[in-house]
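What follows is a short report on a single structure.
Chain naming follows the written order as A, B, C and D, and within any one chain the residues start at number 1.
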Amino acid sequence: MNITLEKAERAIQAAQKKAVEMDVKMNIAIVDSGVNLVAFAKMDGAWLGSIDISIKKAKTARYFDMPSGEIGKISQPGKSLFNIEHTNGGLVTFPGGIPIENEDGHIVGAIGVSGSTVEDDHAVAEAGMKAV
Amino acid sequence: MNITLEKAERAIQAAQKKAVEMDVKMNIAIVDSGVNLVAFAKMDGAWLGSIDISIKKAKTARYFDMPSGEIGKISQPGKSLFNIEHTNGGLVTFPGGIPIENEDGHIVGAIGVSGSTVEDDHAVAEAGMKAV
Amino acid sequence: MNITLEKAERAIQAAQKKAVEMDVKMNIAIVDSGVNLVAFAKMDGAWLGSIDISIKKAKTARYFDMPSGEIGKISQPGKSLFNIEHTNGGLVTFPGGIPIENEDGHIVGAIGVSGSTVEDDHAVAEAGMKAV
Amino acid sequence: MNITLEKAERAIQAAQKKAVEMDVKMNIAIVDSGVNLVAFAKMDGAWLGSIDISIKKAKTARYFDMPSGEIGKISQPGKSLFNIEHTNGGLVTFPGGIPIENEDGHIVGAIGVSGSTVEDDHAVAEAGMKAV
């Protein structure tokens, strides 16, 4: 089971709406259950460096079926997954990536958001995730 | 001057409409004048391998400000740009990538399409480009 | 829908059996419908360089939902997909990669085989594919 | 001296059996003495991001002929091998990778396991290693 383009675009629109409300400029990426890119949007003026980060956040969330920030808690120096970021072509382990489930609770993809603080990024990703 | 997200999404929608008319499933990517990804959509069922190709076609078209297929004519064995595909993290030099100009004739980005024959890809890219 | 490990291992075993019959030493890789590695086996004495090739053949077959060798016919100099091999982290476009379908005709993954002539590689891949 | 495919598959089966007992879903990779992939299995439902990690753990264990977690102890900030993870195409230096010796004490390869906590990963890798 995979997220459709229609639902991916709905998630991006909901995320964009939240970003406008919060007055932030975001890059928003959606990957499917196989960790392949489905949809992407860069809001005008959003950081260029956040394009790649938003995609990697979405991938990280699906790679491990949990919010990207959860990985970051245990990838710190001295913690159990230190430097896991070197795997899978580059992970992003701070908040802003969230898995997306369908109504049956199956993970069908993930959303990744980057462009502001990690708290803002996570809030916008959550708005997108909830719209699916 | 750069393509806005609004115009990029208009190009993607026009390209998708054309793809539906032609009964093909496409991946469609838009980059800005700085060769950075602005918007992307993978139509349901489109080839997974065409995600990367559509993005690389858009980049190739903006890297050299000409349709990607024009580069391909001179990247053949014995021609002047043989194997230029090795550069810039991987170019795609067959048709399907087209620069996008604004009303003043300035290049503001490019569109890349992949998912069918190169003729189909180019036709869908042209439909997207003309919508801007 | 995705190939299970059980079916992937059945495909590898059937491919290995065929390889023994043909007196060749093969690397055999299976990817799922999202182009992620599911199972792999390197027969003793098989070429080391064929490890990566077998994985890339399986990926190529799923990336475009056709045998890898079909892509190779049109990636030659002067043909429409010249140098497509530079995309998706490296494609292999000679025979030996074949998509795997389930009983409903949905593609659930792909098999890639490398270690002998491309004809041998394809024959062994076909034996594996048919066992699923 | 190199691990055979037969022994590699025995290690994978023993690791899978242990994983089932522990009720975890693992990716399991075996490399030979030349740090080349010999066998791999992804248990149904195991994390997609752990495919690459399991392979990198096996490689890390053979690259330095010690459990991957031993490297992690001295790759921390301020320690002698800080950020060694950048080398060799990406190392994984937390537990789950273990060298495999033959009956004479010669290292013939390594096993890497990923899919749960690092303690679980190491326990499953040890079960696989001991089966050879």
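The rule is short, and it goes like this: contacts are C-beta pairs under 8 Å (C-beta built on N, C-alpha and C of every residue); 3 or more make two chains touch, one makes a residue touch a chain.
Here the structure is a predicted model, which is why all the values come from computation and not from measurement.
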Chain labels contacting chain A and also chain D: C
Chain pair among A-B, A-D or C-D whose interface repeats that of B-C, sharing over half of the contact pairs by residue number: A-D
Centre-of-Cα separation between chain D and chain C, whole angstrom: 25
Geometric centre distance via CA averages, chain C-chain A, whole Å: 32
Intercentroid distance (Cα basis), chain D paired with chain B, Å: 42
Chain C, residues touching no fewer than two other chains: 34-36
Arrangement of touching chains [line / ring / star / complete / other]: other
Touching residues (chain side chain B, partner chain C) in the complex: 47-50, 52-53, 56, 72, 75-77, 83, 85-86, 90-95, 117-118
Residue ranges of chain C touching chain D (in the complex, touch as defined): 4-5, 9, 34, 36-44, 48, 51
Chain C residues within the chain B interface of the complex: 34-35, 60, 62-65, 77-78, 80-84, 86-89, 91
Complex contacts: residues of chain A adjacent to chain C: 32-36
